[in-house]
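Next, two complexes with chain A in common: one pairs it with chain B, the other with chain C.
Right, the complex of A and B next:
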């Protein structure tokens, strides 16, 4: 039994518990938190290395055999998502050292963040649909705590909307699981893949599939279910907003990809057409919403939505190349989006506001920061040779391949409009002089940032920007990773064999043929 | 609330309920019951005590802050899960005392019990934290 898939879940819990126990001392808490996030990244990389060389790793919690116990499964997609979670977690923890005030640290920012990371990793690694629900709950509760931490009036307002809509999603998710269990008699995802073709009432199965689309659709903020996201993501401190924007909606997308490649593939003509429509409309509404905003974090929040559309598009095309694009996009997007949020936080620290009209002058005063903004912003818009370019290129080629002209056209136009929003931020925040006429540089400006803080704020941004460049310049290995993930997703035989044993798929397929 | 009947009744009931909750906790090993339900009974006892005598009295009686209680419980459960690593099994696999396994002892000591005690503490700590917060907010 390999413990490798369990560590990314256990390390954050242990970190959180220790963090709570040393709660009185913020210094100690921060040290524990950084160590925990570092270990999580190491565990993620170790898991990735193992999956890369030995294929899918599955392990049974409590030694109860599948499909009765809870299985943890790490295929290439899960493993890479865990690595990205580790990177984002570490970046945000380091950034948080300078961004999160003592009061919030004392109220448990660090332990709560690690509970959130635990929930995210759990969702990526579980092979059991009910267990997935449990991890969603873990994420929801800890993200709620993080949202209200500090308790500004604005934060509470955002949190109420966030929680209300997410609770609806969870209830829907739970009901759908109940119905699915009633139809199939199993909750193990690999076993579900095996049993689904033998279910008699295929119509009801499609209805359940649509319930899953709605439930995960709310989580991943797709059209028309995204309203909670721009209402809440700009309220908490930037470190928290960054981890939310990078990871939380992507868990929803991951769940969509997982369920609609492994479980609900019985009627792709219906379900995946719905997904394609959703993808197109999500892109357009997101980018138009962003164009109407004048606050940095709100613009970025709306861009999350439009980018989610691209990821869903790859899944909806349901071709090998489409899924490669989706996976590539997921990885690229988490890094870039979390990074842009972090940049907006530094801009706020230096200039005193997130409102585009009230700030400016950063190009002259903080040229390094300007460069650090430019890289993820261009990557988001899809400029070569950055990671976003490859992600978009693959998706668009996938669309052309099966002659879905209008989704390709939508994707291209939305890409152009993304540039519009990014240049808007670039122009007003970096190029124009500060409207109050001061020089917002980190060491001389009126809102001074100490050298230590500035280093802690910019170091994670620089590393993540560098990663975008590396993924862009050396896309080969990352493309191969996405290709392997997509191959596993499209043909889950290896996945099922890893969970249920090598003979699992034989008899049922034969039974299906006999019918 | 200041009522002689409630206070007298509570003194009797609280003790009874606490004993019953421990009974449920141990019984849950092989029969219906367990850490979760046992803990809820204990929590009810403390809530009743809080209604009759006030939250401050319960805090005094508990000695440990409920928040700490739930974290310690969580740590215990996690530890119980990690014990399996000693015998080379997967996380959360039950570890049984060697004396019980070879039949020389009838006492089924195991990591499962530790896990249940952890759950007991987590549930009690979490529910009491919420109840106390609401009660103290009223004042």
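Right, the complex of A and C next:
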């Protein structure tokens, strides 16, 4: 039994608890938080290395054998998601050292953030559908706390909508799990994969599958269930918005990918067609919503939605190349999106607003920041040779392969419209002079940012921008990673064998054939 | 027994939908409470209702004797009750704080985070406004 899959869950919990224990001293809290985030990244990389060389790792918690106990499973997809969570977590913690005020640190920003990371890693690693629900709740309640932390009017307003819609999704998810258990008699996802073909009432199973689409659809903010996202993501401090935008919706997408490749593959003609429609409409509404906005964070929030469409598109195509595209897109998107939010925060610190009309002049006074915005912005839009280009290229090729012309056309047009929004930000925030006529540079401008703060704010952005460039220039290993993940997703034999033991698939499949 | 539970769930969900369609945030939270109970009853009835003994293993044996009740759905419901207790407590406090800060429980009036677009003003020459 390997402990590797448990560390990414244990480390954030322990960090959060220590953080609460040293709560009186913000300095100590910050130190603990940075150390915890660093350790989480190390644990993620160790897990990734192990999965890369030895294949899927499964751990039975409490040593209860598989379908009865809770299993933690790390395949390539889970492992890479944990690594990315570690990277985002560390970047946001470092950024938060300068961005989050003392008051919010004292209210428990750092411990809450680590509980959130714990929930996210747990959701990526669990092999049990009810346990997935529990991790979703861990993630949800800590995100509630982070969202209202500080208690500004705006935050409370956003939180009302966020909490309301997410709680509905939670209850739907729970009922769907109950019905699925009633139909199959098991909650272990590998076991579900084995039992699903033997269920007599396949129609009922499809109904449950659609309930899962709606529940995860709300979490991942797809059309027409996304309204909580643009209502709330621009209200909390930027460090919090960045970690939300990077990780939360992507856990929803991950859950969709996991359940609709491992469990609900009995009627792909029906469920995956729904997903394809959702994908196309999500892309279009997201990008059009962004075009109508004039506030940096709100533009970026709407772009999360349109990008989610691309990830769902790869899953909906349900071909090897399509899933490669989805996985590649997930990895690329988390880094790029969190990074753009972080840039918007620095722009606000220097110029005093997020409203495009009220700010400007950053290209002249902070050229390095301008470069750091351009890289993720172009990557988001899909310029070669950045990471977003490869992600889009793979998805579009996947669409062409199975001749889904309209989704390919939608994806390309939405890419163009993404450039429109990015150039709008670029033009008004960076190129145009500041409307109040001052020079918003970090050391001379009226809104001074100390050298230490500026370094802490830009260092994570620079590192993440560098990663975007590296993924773009040396796409080979990342593509192979996505390819391996997709292969495991499409043929879950190895996953089932790792969880239930090597001969688990034998008898039930034969039984299914006999029917 | 299944029929009774199914009808109960249906009534609860219907009441939930009625409450949630209201613009009043407090009614919405009440709807949420009913909905989480409906979900718990769904798990309970989907898990199979049988008149069985408590699932206890007699001393010296590894499996329980005879027909026993399935303990798993109850364990799931227990977990779900604990979680929904926490979430609902949070939702109630949030509703109260939102009322304190924003002065209303009407969700349509909560426009601080998403203000209505300003009335269209003539744009300065040479600049397009995307209002």
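Methods note: the second predicted complex is superposed on the first by the 515 of 515 C-alpha atoms of A that agree within 3 Å, B and C clash if a C-alpha of one lies under 4 Å from a C-alpha of the other, contacts with A are read in each partner's own complex, and residues count from 1 in each chain.
Here is the rule we use: a residue touches a chain if its C-beta (ideal position, glycine included) is under 8 Å from a C-beta of that chain, and two chains touch if they have at least 3 such contacts.
Because the structure is a prediction, the values reported are computed rather than measured.
In the superposition on chain A, A:188 makes contact with neither chain B nor chain C. When the two complexes are overlaid on their common chain A, residue A:418 makes contact with neither chain B nor chain C.
Of the two partner chains, chain C is the only one touched by A:141; chain B is not.
A simple residue count on chain A separates chain B from chain C, and the partner touching more is C. Of the two partner chains, chain B is the only one touched by A:17; chain C is not.
In the superposed pair of complexes, A:291 makes contact with chain C only, with no contact to chain B.
Residue contacts after overlaying the shared chain place A:62 against chain B, while chain C stays out of touching range.
By the touch criterion defined above, A:3 lies against chain B but remains apart from chain C after alignment on the C-alpha atoms of chain A.
After overlaying the two complexes on the shared chain, residue contacts for A:307 are found with neither chain B nor chain C. Taken together, the chain B residues at the contact with chain A in this complex read 67, 71, 74-75, 78, 82, 84-85, 88-94. The touching residues of chain A, when paired with chain B in their complex, are 1, 3, 6, 10, 13-14, 17, 20-21, 59-63.
Residues 20, 25, 28, 32, 35-36, 38-39, 42-48, 72-73, 76, 79-80, 83-84, 86-87, 90-91, 94-95, 97-98, 101-102, 107, 110-114, 130 of chain C are the ones that touch chain A when the two sit in their complex. Interface of chain A with chain C (complex): residues 130, 134, 137, 140-141, 144, 148, 151, 153-161, 163-164, 167-168, 170-171, 174-175, 177-179, 181-183, 187, 230-232, 234-235, 291-292, 294, 424.
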